């Protein structure tokens, strides 16, 4: 690259650079993008650390296919199942887009749990990343709720009764459970309003929340950096050295780490001021 | 305010030089900013903005939340529903009849059991998580397809996860012109059909829950306990 | 405030401060909130500058009422009008929430245009705020599209024919117009799929875009600060001084501002080094 | 790579000190990084990531866009529709008949005009922005309620914003057993009903646009021009 970077610039490249500078001067997009995209990451970061991105990509796919499916779906008990049949059998590539949304949902649940496991077993949730874990846990709950609310929309017998059971599980939570369930199903039993209510929750309430929390999660990941894998050479060397220091301290009965310092009588009494002497 | 702070040192010395009367009279401190109860202009305007914003937000959120929740929290209304003449339900039979639910898919049914001159109506909603229960005439038992709950002929749990027996509907028998013939006094006994003629009508009413001894309780949702210490988790 | 800030702190206050510190240490929320909320603003900022916030608050109201209305609305030609009748006449406070959404939409159009006028007449779109104006213009277009797509959802004769006319205006755009219109109405004429398509655009596509662009707009406003009103004393003094300097320069025929400097022959020739002399 | 850069200066002087053989043989530069075509590992992996990401994004977006747009861009299919026997449309009358539209609200109608032994069918869609046009038998004119477009008896613009005359449907007359009796050869003449019997059926077919001289054109949407230089804005 070094020696080819001489001579007059391509005019198209020059115009592009000028446009980019114009935007960058006003928005600071260069700094922001560098901060977000070109972070230093610890050594031995592996494919396991890509599960979070995979989950986000699946969310994006679900969002896009969901928006387009909503162009044909009708959340009315009389026409819901029929509109899904039209999507599957009549609209061009409808079977494909519906299949992407359906299997994408299952894949997202799987990937989110794998990501959860990775973060847990790598210990990535530890200081200073506790809040990243908390936002992730909220995202997990919202993902599960997407699964619950989306399952009903097919409005066949399996969807209906599976959701009846799921909402009755909600209802058996102490004290507030029955009220939450009543609000979820728009009344004491599943009725014609339940479907459009689930649709609104599936399309508007939870996706809005998920987009917000994905933003927070990403911000925290960028700000705090990603954690070192527990098997990385540096971390294992640190742990080995700590273990050695701990043992050496124990052998010589010296205080180490968080153990309490033994109360030792002071070897020499502190010099005390004698009144009147000077 | 500058003036009030000036007052404090008015009678004192400035920079060590004598500049006024010698007798120093300590005056009470009266800088309003030292009084925690004093409301500055910034504080006042912040308060006004917060109150205005709060009122406006509430004006949006209260109708919205009421709109979303108020109707959902209403209890379902129950009326006496005529399900047919007594001759449709002969003694010794258990008949399954549809009870209108809010959705066509809801499949809400009652098992009208007529034995030994007494009639009870069991709701087909499984007391575990609300699946529709089916009746086997052979064993005279009920079974839930979802999680294997099984009930005896009176709807009491014999195995599986349900926490209490199946719910019952209230039953009464009236003459074709609407006079009461028999009403249910205790769920264990049911409605006596001894004094009723075959043309008398059978009516189903408000459902209720029972415990294993068939004592009546207010209608509970599936999965909720009606007796024992855990029933206190569902106080309403 | 000064002398009351002594003595041991209230334990509740202490716990709250500790929790805030915990969050702040991990997220930097204090810096971010300060940067966003406690900006320096020019003198003589007036009520006119609150129009943008008003538009945003109206967007928030439309989002909340819209989410809740979606719990009862059914985008099916056979049940749309009827579901709106149920909302208006039967559901608790339905007339109120629907009215808020309907009149809020009109109010938002009005306020967005007032905001546009304020920015234009104050000259706030000038350097370095060009991109803020561009994002605002995109938001204006999206607001108009919200009005267009929302108008159809009532599915009465007025809504139907007004939207037919509006989509045919789109269709008469050169070359791509007919295709855009075909995609908008899901076919060559308004049909049963048109309603659910408009619903999807009204609920998902445009609100997602608007939320994104409101975020960008706010970021740019925070980053670049708000512009000085043209009637502010400082700005008028600067303009007066510039005008005076320009006139003075003209009187003495001196170059000022961007006018070209007249080519004047050098009064004295530059001293030239004579070779050999030292 | 460090080696290859070392090679370049191997025979030269370092810091002015003599440090090797005197004869300097220029060697060819062979640092791969100076070759713009050389693919480093970073470049290779970046390319692989971009291509993979692009393929996956396309795999999501292509079906989605096709699903959203493909059916919308299909032209509507038109078939010959039997609208009744010729006796329903006597000479001298203009009848309004419904032509099925995709939505019940669409109100797509045809004005079947029978005059002097010839028949034409005018689509009631205003050529301005698609509102339904109404017919006034008194003046034998058409008027659009939306923006005041007015048309004469043949659907040619007399005032208002419409850019071209109203569209026509193709018309033919067949015998009850399906044999052609008369077809439309030019829109200005229409279908001759001279040789047809009253039981013969009238059929409406594919619509088309016309200009002010009633020359036929491919069907255009409302607001599109069919003649003049601006018609080139709507090439398809």
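For reference, chains read A, B, C and D in written order, and residue numbers begin at 1 within each chain.
Here, contacts are C-beta pairs under 8 Å (C-beta built on N, C-alpha and C of every residue); 3 or more make two chains touch, one makes a residue touch a chain.
Since the model is a prediction, treat every value here as computed from it, not as a measurement.
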item	value
Chains touching both chain A and chain D, listed by label	C
Chain centre separation (chain B, chain C; CA means) in Å	44
Chain A-chain B separation of Cα centroids, rounded to whole Å	34
Centre-to-centre distance between chain D and chain B (centres being mean Cα positions), rounded to whole Å	57
Per-residue multi-chain contacts in chain C, two or more chains	68, 71, 186
Residues within chain D bordering two or more other chains	68, 71
Every chain pair meeting the contact rule	A-B, A-C, A-D, B-C, C-D
Interfacial residue positions of chain D with respect to chain A in the complex	33-34, 36, 56, 60-61, 63-64, 66-68, 70-71
Touching residues (chain side chain A, partner chain C) in the complex	23, 25-28, 66-68, 70-76, 78-79, 83, 128-131, 186, 193, 196-197, 199-201, 203-205, 208, 211, 219-220, 223-224
Residues of chain A touching chain D in the complex	1-4, 57, 61, 64-65, 68, 71, 91-94, 96-97, 100
Touching residues (chain side chain C, partner chain D) in the complex	77, 155, 157, 160-161, 164-165, 168-169, 171-172, 174-175, 177-179, 181-183, 185-192, 194
Of all residues in chain B, those that touch chain A in their complex	68-69, 71-76, 101-106, 108, 129-132, 146, 221-224, 233-236
